[in-house]
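Working notes, structure below.
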Amino acid sequence: MTLEKKNMAGRILLLLLCMNAVSFIVNAVPQTCPADLGGKCAEDDDWEGEFFPGIPKIKYEGTSSKNPLAYKWYNAEEEILGKKMKDWLRFSVAFWHTFRGTGADPFGAPTKYWPWEDGTNSIAMAKRRMRANFEFINKLGVDRWCFHDRDIAPDGKTLEEANANLDEVVALAKELQGDKIRPLWGTAQLFMHPRYMHGGATSSEVGVYAYAAAQVKKAMEVTHYLGGENYVFWGGREGYQSLLNTDMERELDHLARFLEAAVAYKKKIGFNGTLLIEPKPQEPTKHQYDWDAATTANFLRKYGLLGEFKLNIECNHATLSGHRFVICHHDLETARINGLLGNIDANTGDPQIGWDTDQFMTDIGEATMVMLSVIRKAGKADFEMLEKLAKEWGEPKVASAKQELAEMIFQSAL
Amino acid sequence: MTLEKKNMAGRILLLLLCMNAVSFIVNAVPQTCPADLGGKCAEDDDWEGEFFPGIPKIKYEGTSSKNPLAYKWYNAEEEILGKKMKDWLRFSVAFWHTFRGTGADPFGAPTKYWPWEDGTNSIAMAKRRMRANFEFINKLGVDRWCFHDRDIAPDGKTLEEANANLDEVVALAKELQGDKIRPLWGTAQLFMHPRYMHGGATSSEVGVYAYAAAQVKKAMEVTHYLGGENYVFWGGREGYQSLLNTDMERELDHLARFLEAAVAYKKKIGFNGTLLIEPKPQEPTKHQYDWDAATTANFLRKYGLLGEFKLNIECNHATLSGHRFVICHHDLETARINGLLGNIDANTGDPQIGWDTDQFMTDIGEATMVMLSVIRKAGKADFEMLEKLAKEWGEPKVASAKQELAEMIFQSAL
Amino acid sequence: MTLEKKNMAGRILLLLLCMNAVSFIVNAVPQTCPADLGGKCAEDDDWEGEFFPGIPKIKYEGTSSKNPLAYKWYNAEEEILGKKMKDWLRFSVAFWHTFRGTGADPFGAPTKYWPWEDGTNSIAMAKRRMRANFEFINKLGVDRWCFHDRDIAPDGKTLEEANANLDEVVALAKELQGDKIRPLWGTAQLFMHPRYMHGGATSSEVGVYAYAAAQVKKAMEVTHYLGGENYVFWGGREGYQSLLNTDMERELDHLARFLEAAVAYKKKIGFNGTLLIEPKPQEPTKHQYDWDAATTANFLRKYGLLGEFKLNIECNHATLSGHRFVICHHDLETARINGLLGNIDANTGDPQIGWDTDQFMTDIGEATMVMLSVIRKAGKADFEMLEKLAKEWGEPKVASAKQELAEMIFQSAL
Amino acid sequence: MTLEKKNMAGRILLLLLCMNAVSFIVNAVPQTCPADLGGKCAEDDDWEGEFFPGIPKIKYEGTSSKNPLAYKWYNAEEEILGKKMKDWLRFSVAFWHTFRGTGADPFGAPTKYWPWEDGTNSIAMAKRRMRANFEFINKLGVDRWCFHDRDIAPDGKTLEEANANLDEVVALAKELQGDKIRPLWGTAQLFMHPRYMHGGATSSEVGVYAYAAAQVKKAMEVTHYLGGENYVFWGGREGYQSLLNTDMERELDHLARFLEAAVAYKKKIGFNGTLLIEPKPQEPTKHQYDWDAATTANFLRKYGLLGEFKLNIECNHATLSGHRFVICHHDLETARINGLLGNIDANTGDPQIGWDTDQFMTDIGEATMVMLSVIRKAGKADFEMLEKLAKEWGEPKVASAKQELAEMIFQSAL
């Protein structure tokens, strides 16, 4: 038996590390590029040649490969614990991180430019980006992507105009998706536009509440149209800056009614995907209502919404909330034992920085803990499976203390 | 209308400041005193004269009083918003803070000695302390106290011995209580004894679980016998140090069954007091299961215990959990809107220190927020009431307590 | 003796509260306004009538005034402890907070618009803003302002163009300043432009280092030309994201040489103002080299720069560094006892939020601590002075500002 | 070339992991054991047989060993980068962690008992512990230990008595040390006794200051007598709880004079060891004067003590101060580039817990960063050395992604 083959267990642990390789870490805020690039910005969506020229399809080449653009551990078709690697974790390219980030921060202007960006947010530009997205996805060999409505298509002066823009870009996406690719999830961006400065579903303005609802309705329709598996709610501004001018109880009532309406609409249009809520404790608000998994579970129980939603746990958000055993393991387990573990954004952040940095997870210890929750959720953590896993590690084969440690941890965790 | 009368509003705000005046800030850990005080430690409970000689009964003397041992704002019988001050907030003397603290910390030996302590934890000593307690309560003019079983009576080598010790001291307490005084709450100390090193209701040892249950049963009986209004669960070690060796789901199941049994026993013995859970995020464990109000509410809902428990919100605990708008206002409001606001430990701590300091609340801004939740809970926050309150403040009248405090601080700083 | 007069002490404490009233809390990032306001944006700097029409000059009206646009405690000419209020603390209008903030955040587009903004950053627009600035300053009755070079004038494609733009706007400012108004300080903005993404004086690119030096040289010249009292260094990006790719020692050497050159140039041009360094622990970098007062003092000592610099302590920055007794008192005292207390940005932030919020200081306890450091620095904290101060507070006299504030909060909370 | 041999690089990284294996993590507070163990506590220091019976001398057995009590990576005599492993890092057994900890915490009684403890702190007991200490050291094959004066010998009612106790136990230690073993450092415990409740060198009581000086004098003498390499100052209570009642400047002056006197005495008695200061931001005080490396460096520079002291960086302390790139790397580098890196307590803690947990470092990423500072300090980080190190890792030999990662990090760090 070769060393290569025996290393099945190591691969599972590395799945998560690999997963991160598919999305770039960039700033979350889409911004337009400088106005003086106009010359190269035709109003049609021509773009000569490839977006990523010279980059072939990324392949699995094994751990001995020195090719920086190769999978060394992730072998999509290989089976581990009775499941293919690609089925254990379904990688997804995040459109905004990958194509709309600019490298700006609150103290600095954009630092990152794609050659195909023309400084506008026109429909033509949106379509060109969408082509880049699918070239990227195909070269990675991934078959899931995710998006906010306003990332992929320009906003409009009216809801009708915005919806029409979205429809035009979505039609292209549908065509480019082909047979295999589909959204892991879609969502509506309810935080960038000034109308949402005090939230969408928890805004004190009824007009804003209604606009948010209409935007979610449309985003759910296009997610359904594209064959999306999930629809996500991330309530960036569904929270407060101060309790002195906030009626928390009433805002939570409004939020619950908003979500009830979303459930009803989902059923009406026959969308069978899962509705996910993504907890985050704060930023941009001082306090977000979906603080962490337990807080969100309480909200769902209180309002009778438990069966209708699951959670999308983002590791860096868990870090910010102070529940951080090996980063987000606590929140994953809380979600799991409440029957709410729906999806994972397995990123990482700095435990001493008070804002979300959305970095790649690079620590195998953290990745092991995340994978452990995934395996447990699959009901795969039975003793035979784990004994098998442990045995593969149990022989004096490779000289890594860390692996030895991981094994010890893994065994003790069962 | 006198200046005195107009100041009704200021008094409400100060209620909380006053409330803290009844318990001393001391270290939470009862310890025995050095062995060489033996000479003055008779094995009977004689103690000559008063415990606090020369201190008369503390009275309300108004804001112009210069007497440091007088109430300046708290006038027990005065009505504010249709309720007497003493009924808005029922002050309670905490036995352990007041009589069992030693001023020790993890790096230092005890620094505080009561003249009546003889260095032992004998029954005689326990009775002497109980007499001190009631002299203190009577001099303060307060009519509530609270206790852990092991603060007030020595532990025993067996459960029977421990229970007998408790009975003997409780009989004296019953006698000293008289007609008016009774416990605000009682509780069982399930964290000091080494057997509880991994928790009581969530210990992995069935014997420990059983012992904890027996101890709670007895503590509930004596609380009932003394006429207590509430029974408190604070799960100091009901949590984990590491998820690697903890089955969180199973431990939570055990905790729920433990609490169910407590509810059943409460009904069996006819105890009509409220059962309270006191959330705290961590310390001494890395993670306590009752992390905050929302987490505890989720737990109660999940296990069908919602109607049987309320929460005892301790402000300093809320600070540690990161929910801290004007310290603990967020957790108070979360408890209130979940129908769970049962009791308040209106202390304060340092937002930059990672451990519980159990200090007096001295900031009028914080106290205002706490009082606001109390008034709202009473359904008193209607507009007429509040307009009345606002009007009384609207005129340039008298020195506020805050000014008094600022002055005090300024002087001490020079 | 009137009640009014006796309240001298209260006024000192309130000086700081007032001081904050002169700058608006806005987002730190200047941004352009939407492109479709074009119609009203003439390329000359005409602006009809006043910028703040209907707002008269703000006056001191005493504590009984109900006018929201009146000074109630700050009476500029009144003497306290032998010094006029206006000389104890010299208020300064921050140009960027007041005129260039847009209310954007990392998750949201701008939410705040001035009617005179035309969506450009043209010279004409810059001049119009400068006129607004001086109308604001004159109406407040303040005589200091402060600025970054890039706030007040547009950047250019070359250094020459940027300098020429700056000269044109500065000439207007000089004219509008008149006899009395002058900068408290000027500075160079070395963080917004992409060239500074890895710092200015600590950038790994020698060209960036040189550009930063040239920009500081010019900013110091115009500060000198306008009669500025201080020149400030805030090293937003002088720090690191990771030590793995940073040679901290070498970067600190570069920073020291940069500051030495600034000292030499200051002497060469005869600028007698104080050079100030503003510590901040982090944001936007993971670690800023000027972490806090003690770290900066160590740096100045190590490189023999101690006599040439003082510190500009920003309270909210101190909060972020974890030194926070009554917010920034620790850092003020550390600066003072190292002989380095130069200037104060007496703002406040939230102790549980990990980013700078630059809010008004509204707590009289915090303000008292800040004022205490100011008085001590003036050598005024001798016993006779303080006894006098204490005596004035010793009697039951008038409504304090705090009571006023508490009332305001209470009302807004209902 | 065997896999074993090639793995030299991995061993360097593991040195730190191993190092921790020599001290047990226990509570820092020495406490006496229950009084009822009297029967087995003879007043002589007899102890039958071995303290650790059945445990042989721990040996290096290589990575394939399954023996839990074997060194798998640490091969004391093996050379790496031109130095033996035992010379790169000189392991030291901490007497208090290993022999005086009880497993108590602020909420719990002791949970850990050594069979040889008799519940007293008699001289006989102290000698018995010292024998256990040297059996432990010898079985580990380590040749350094460290201690506080009050760990190893009982305190006395007078200074003379305490010194006499210390002399008696030290005489035994000297005898047991033999030729090879000696203290890495000694120190005086200036925090447990109630007299030090407000510090030693910064106490407001002159008598306490004097007593602290006398205790340091004696501790330095015995460290010298035992051939110690360093003498450590850890100022547990040299800080403040509140600036309102603390004259920070004066306390720092006192501290400086205290340290000057220590330097003078060191020279007088011919002690050539290094004086070390161990920074810690807080706990038990709200603020400790030796907050971090930069703060301590500033203090040393200000008072002209720079050449006389170095720092003892404890990783978990650095975590508490917020400087935490890969835990304590920032503080190690700050100490190093200020010429102050003297000693390392390479432990770890939880970044989300606000107190010192003194845990073993188990993460190879952290250990790599610590080792990097050690190598840089030795001037060994030149390119040839590192190229050699990198090459050894550069071949496809062992299947550890983590090792690959470590390599990448290591290379990028140079």
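Just so it is clear, A, B, C and D label the chains in written order, and each chain counts residues from 1 on its own.
Just so we're on the same page, a residue touches a chain if its C-beta (ideal position, glycine included) is under 8 Å from a C-beta of that chain, and two chains touch if they have at least 3 such contacts.
Worth saying up front: this structure is predicted, and the values here are computed from it rather than measured.
Listed by label, the chains that touch chain A and also chain B are C, D.
Taking A-C and A-D together, the chain pair joined by more C-beta contacts is A-C. Centre-to-centre spacing of chain A and chain C amounts to 39 Å, using the average Cα coordinate of each chain. Between chain A and chain D, the centres computed from C-alpha atoms are 44 Å apart. For chain D, the set of residues touching two or more other chains reads 243, 286, 322.
Here chain B touches chain C in the complex through residues 10, 13, 63-64, 322, 324, 351-352, 363-365, 368-369, 372, 381, 383, 386, 389-390, 393-400, 402-403, 406-407, 409-411, 413-414, going by the rule given at the top.
Note for the complex: chain A touches chain D at residues 3-4, 7, 10, 13-14, 17, 63-64, 72-73, 322, 324, 351-352, 362-365, 396-403, 405.
Against chain C, the residues of chain A that register as touching in their complex are 27-29, 103, 105-111, 191-194, 196-197, 236-237, 243-245, 282-284, 286, 320, 350, 353-355. Considering their complex, residues 240, 242-243, 248-249, 252, 281, 286-287, 291-292, 294-295, 297-299, 301-302, 321-323, 325-326, 329-330, 333-334, 337-338, 369, 409, 412-413 of chain D touch chain C.
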